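The following pair of complexes shares a single chain, subunit A, combined with subunit B in the former and subunit C in the latter.
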Partner chain A sequence: MHKSFISQNPSVLWFLAALSLFTLTVVLLSEATGTAMISTSFVKTLGKTLCLCLVAIAMDVVWGYCGILSLGHFAFFGIGGYAIGMWLMYARTETIVLDSLSGQVIPPTPQEVSDAIGNQIFGVVGSSEFPLIWAFADSLFLQLLMVVLVPGLLALVFGWLAFRSRVTGVYLSILTQAMTLALSLYLFQNDSGLRGNNGLSGLQNIPGFEQTPQAIISIVFFVASAVALAAGYVFFAWVVSGKMGSVIKGIRDNEARVRFLGYHVETYKLFVFTITAVVSAIAGALYYPQAGIINPGEIAPIASIYLAVWVAIGGRGRLYGAAIGAVFVSLLSSWFTGGGAPDINLGFYTIQWTDWWLVLLGVSFVAVTLFFPKGIGGLFDYLVRKP
Partner chain B sequence: MAMLLEVSGVSVTFDGFRAINNLSINFAEAELRAIIGPNGAGKTTFMDIVTGKTKPDTGKVIWGEKNISLLGLSESQIAREGIGRKFQKPTVFEAQTVRQNLAMALENPRGPFAVLTHKKTARNAARIEAIAEEIGLIDSLTRVAGELSHGQKQWLEIGMLLAQEPRLLLVDEPAAGMTVEEREKTTDILRKAAKTRAVVVVEHDMEFVRRLDCKVTVLHEGAVLAEGSLDHVTSDQTVIDVYLGRGHA
Partner chain C sequence: MRFFLLVLFLSVTALVPARAGELQDLLQIHAEEVAKPSRRSVGMLLDDLVASGLPQVPRFLERWAGREVWQGPEGAFVFAEEDGDSLILEDIDDGTTQTVPDDGYTQLRPNGGVRRVIGSALVQFQLADPEISRRMAAVESIARRPAADQLAPLLASIEDEPDPALKVRKTQLANFLTARFGETAEARIAAISSLSSDTSVEARSVLNQILSRDEGVAPSEPEGNIAQILDPMLAPAAYYAQLVDAGFAPMQTTPAMIRAALEANIDGGTVGGVPLAQLNTDAARERAYAALAREGLAPPLVIVETRDHALGAYVFYELYDEKDPAITDAAAAALASVESRVALEQAADLALDGLSLASIYFLAAIGLAITFGVMGVINMAHGEFIMMGAYTGYVVQLFIPDYTLSIIVALPLAFAVTFGAGVTMERLVIRHLYHRPLETLLATFGISIALQQLAKNIFGTQARPLTSPDWLDGAWVISDVIQISYIRIAIFVLALLFLALILCVLKRTRLGLEVRAVTQNPGMAASMGINPDRINMLTFGLGSGVAGIAGVAIGLYAKVTSEMGADYIVQSFMTVVVGGVGNVWGTLAGASMIGFLQKGIEWMNPSNTLAAQTYMILFIILFIQFRPKGIVALKGRAAAD
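Let's look at the complex of A and B:
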């Protein structure tokens, strides 16, 4: 079965080969191995980009293959980040609090420790009480489970309600966007229990590894992101190949026909929506420890729209296209908005890319949709003759 | 004779327009039947009701020897009960190959998990090839369905229906847009299919219906106007009036 899967999907091998080569190169050139040709902060940028690739291929499965234009998958990404961030922040604050209290003559009671941690974490929003949603924050295992369960259940319930009412097309997109907006507005509130607009910070400090330099930690997360991307790619390539792929693409192209063939379309949509939400959350859980901070702004609807833009520019309906789109657009975006691109002086007006990048991106998006519907990934069709 | 499908006293109203008006119609096992009627007679709505797309206001739709009511079932459940439907426009999955189209339709478990772990078997391949042979697409299995000619797409869709192994096939205007030779082949496929299952053909084209050589039901304003052989119904005065438009005068 494995042989036929690879031989039917040669792009999987190519993708894995390119990813391995890239990972190996970055590791060898990083500060961790002493070569230091790539700075630690750039390793983090690359590691984050791999996570963005993973959420992009999930988006491609739900949109490019199944035809559901979800504008909510970056929300699942963010929930994954929040879930892991809660443990990171709790465990690290606990270490600091225990350290500072260790000098006291009378050992602190568990209640005192808990209060001190609460004060440290929630002082910024004028509170010291642990909200109920932090109930599992002291356990890495349970919090990792939350990374998968919370977005999974949210996607399951939301998808069930939306799909069973046969909400499709642009209406479904609006609904997913509303969900995303509601979530981010909720998180912006101080009493949401997740520190309002301060978000969670210090996530780059991994509890238990305080002495380990960031150079090493960055490489560990970079490699973990690469492994997750590889696993996600193989998993999704398997899902969209074969008969499942046929049914999913059939739903995209003609939902009613699939229904009259005897397939329960809603169940399939729910399946795709939920597994892609879970994978997005895993990508987010790997992303935010590298970013160091997560706040509700990350979940804002614009992020999910970006995700759709990456996939469209990279090429819908092919997994490597989505990955290419994510790499290309997100790195280009950092270059333009980070002051990397030189301003263009037109004499009467100076184009400053920090302001004009979004315009350029918008124009590119329209141009790609109109003139190159296959996106960047479509270029590969010229290289490889279709079997 | 035990009936495969019994539709009795069914009425549907869309915004005050009575599309189906107290319609009663029965189909036996392995029967070939043509349904004709002018535009707006309720032919497509009748199919929508049987396949679960439209729920009637009143009436009963009873299926099989267990006398199941189809009204409580969803489209996909009805399809799994053994009712296949061919749309008026050829609707095949144009981005996929003929083989993939047939494989998707092939009678097999329909749940997501079964589909995800589905493995290609020699038996399934043989079934696909047998159907492809029957619809004349055996040499086109690896072609993308979008490349097929109009007639070939119609056959592919009929092939997909056969692959579902339904007990009742509802076929909406299969001959539309076909050449004379294509029509003949389509007639052959349908007549052969009707030897082992019920086939109901909705058609405008009298010549095509004549070639099917089967019992004919004439629908008009959502009810059965006449039933019998083609010669019988075409000599019926009310049918002549309706077809010539004098019925409305």
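Let's look at the complex of A and C:
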């Protein structure tokens, strides 16, 4: 009866093996540590894709396993990015300001230093005061704590309010979307304290490692993203297996029946919602130092819907499916929109993929929903079942 | 009556013909003053001219002020116009003209001050001018630049004013002038009190001018009509600056000044006895600066305590320019009463704004309420149907240049286009997903991004205009505070029409009956011979068609872009969810609540519409916690999922 975790979830081993192989290959082919066949910018793209895989897996747990179609998980992703971005920006600006002030005859007072940093960071929004939310920005440890705490608390409070009053299904989706919209609208304001629509920038420069070339930084972040993805995968595979996993899947399939069996449905849902929000935020905290810039546009409701699209195309209810969906759609999207795909000349009209990619995505998304509800991951079922 | 007066006027002018030389004689008596007028003494001359009652006087004054009067070699005054080297002369009294060389003639050039005095003397003639346009111009010039000396001529002209509207205006203006410049305090107070029910911008500015005040600072309380004594501790820095300006105190020493003084007085690694390396705190810097100040190398140190002490020793006050406290009291009371009226009118205006926003949300959401509420189907592409309707309107205007006609064509056409699109979408996609609502959401979202991008590919990214007909331009102005544009009224009417139409379709027609039956129990409806497939298709088409018409209406006052639907989709969902699903009245309630709420929040924080939207969404999230089924919740079996 008591089977081991691995034998219950053979996909975990396969996934870890594939991920290790992939990571090793990229490390060996990168500019910093190998043969330089993969450019630093592409290493960053791959690292970012791994972070997207992580948030897609979290989305899969909350939607594919628990049946909550959250349209807010990319907002948690963004909050994680903002939290780490605040430290990155503060620490880097502090270095620059101290450098420029060190030449003066009279040593600067702490107030002068802080004013100068404030001026540097908030000059673009016509302010130089540090808002209250930057109180911990000078400490990496506290700011890392914020990466986990802020989205965790937000998800906890929001989820508690929503699940307590039995908001389910489509209503919950709309409600989470409203939350995302409210957050992004708030961040778009100049007096939000987070530089309005300028967002936070220069995040690719890691304070304390100014002399380290980006090639090395990119590979470090790539490996860190891979490790986080692996840890996240194992953790979520553990969450959705075993008795708790059965309850969670039961909630997805028939919430009322699980409640009648005596389980406290709201607690399970709240746990899943919050823990996935926290993992999304961690993914975001790893993503944005590689992206270099974060702005409120990243948090807009559409991003969270895309997240759902990735998971749906990859295949819901299987963790590797979400990861595949994220890789497949995001890489394909950057191939099409980046001008990589050749234009198709129809004689009377030339299809330029930069214009038509979204049409293709939308239509293929409808097709997947209608004809392949299991997504790309469903293909594996055929492989396994056929002898 | 007017005709009679005109006849009377003409007969009077005919009875008193301009006798030759009459004005010339009068001018010659004051020849010196006419030739070289001064601002102070010209008044006597003008009084004489006005008292003479000669009909030539206004024309003379006008041309005198316009520097068109010349003095001839013999001292006679003439109207003259330069023509190269010669002058075209016109006699002042009889108007006969002749052309002469300009030798010996000098132009009279009254200076600006004199011209103003002449101008105000002219006002009384202009106010009684037979030409109504000139009387109006005179009245408006007084309204633009009110002055004390215009009051008497204005009052005098009211009695004989033939035009009733202008008479009212003159009376009003005379009242304003009396309030500000009246002879006696009683007259002024009476005029001021009569303004307490007038909310026009003009009346308010009159009251504010009576209440104009000057800030000042003095060691002790000053004489005069004191408006208020100010507390300097409310904004110490600003008040101290006033004290410094008045010469009562030295400048406050800012950190920058301390720093500059320290930098200027570095003496072998120390400043004022403090080593440079220690100057990284404000306390150390102040110590060093104080040492410098003791040696006389810098101005005395004024820190916050010194400043606050100095502030306490002086009185900061506001003094009315008006000396009589009775008048300022009356004006303050009148202004308070006006402002409470203005506040009432603003509330009414805000309510109108809220109403128009609510009708926009209603139009945008009613189609969604039908598909989402009645059928339980989420349509994320609803916003794109709105966009489609707006683009239909735009395309129609490309072919039909007449805006009125094009709108009349566009409304049904938009309905047809989006009805077709809705039915197609229902047949191809949604029909297969009725039992998977979350997947409907995603599939329709896929359609939404495809449609949006398609619109971008066809129409480009820039906004396209959807021009409203001329008769919808402008606004209905009720008072200076309350006004509402005709387009918004039209949208309100359209929303009402749709409410009636949809209620009628759902409650009074066979289709509505079948729709309600399928909504409540599809299985039972089917066994009664209703075809649920057909009903679902038609309902979806109807909802989409209404979205198309909403698109035309929204496009009229907002720009048509491929993203316009996305701007409304979340609000529309909120409207439906807040109102309560499956109920037209619920949508109405939801739209009203969201519309009024948004306007209310914007009013409290007018500088920031983004913040208003944020707070509104937060409010809605909280609202749904307490009424998860919306304002109008269905009861009984129909409410079950």
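Here is the rule we go by: the second predicted complex is superposed on the first by the 381 of 387 C-alpha atoms of A that agree within 3 Å, B and C clash if a C-alpha of one lies under 4 Å from a C-alpha of the other, contacts with A are read in each partner's own complex, and residues count from 1 in each chain.
Criterion: a contact is a pair of C-beta atoms (placed from the backbone, for glycine too) under 8 Å apart; a residue touches a chain by one contact, two chains touch by 3 or more.
Remember, it's a predicted structure, so these values are computed and weren't measured experimentally.
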| item | value |
| --- | --- |
| Subunit A as common anchor, with subunit B and subunit C clashing or fitting | fit |
| Angle at the Cα centre of subunit A, taken between the Cα centres of subunit B and subunit C once the superposition is applied, in steps of 10 degrees | 100 |
| First, second, both or neither for A:G242, with subunit B first and subunit C second | first |
| Partner chain in contact with A:W356 - subunit B first, subunit C second, else both or neither | second |
| Touched partner set for A:L383, first subunit B, second subunit C, both or neither | neither |
| Partner with the higher number of touched subunit A residues, subunit C or subunit B | C |
| Touching partner for A:L132 - first (subunit B), second (subunit C), both, neither | neither |
| Touched partner set for A:N254, first subunit B, second subunit C, both or neither | first |
| Partner chain in contact with A:Y263 - subunit B first, subunit C second, else both or neither | first |
| Where subunit B and subunit C come nearest after superposition, their Cα distance in Å | 6 |
| Residues of subunit A that lie at the interface with subunit B and also at the interface with subunit C | none |
| Parts of subunit A lying in touch with subunit B, wherever the complex brings them together | 1, 239, 242-244, 246-247, 249-250, 253-254, 256-265, 267-268, 271 |
| Complex contact set, residues of subunit B against subunit A | 51, 53, 74-77, 79-80, 84-85, 87, 91-96, 100, 103-105, 110-112, 115-116, 118-119, 160, 164 |
| Residues on subunit C engaged by subunit A in the complex (per definition of touch) | 255, 259, 262-263, 266, 271, 276-277, 279-282, 285, 372, 378, 429, 432-433, 436-439, 441-443, 445-454, 456-457, 566, 570, 573-574, 577, 608, 610-611, 613-614, 617-618, 620-622, 624-626, 628, 641 |
| Subunit C contact footprint on subunit A (complex, rising order) | 67, 69, 105-112, 158, 161-162, 164-167, 169-171, 173-175, 177-179, 181-182, 185-186, 188-189, 191, 301-302, 305, 308-309, 312, 355-359, 361-366, 369-370, 373 |
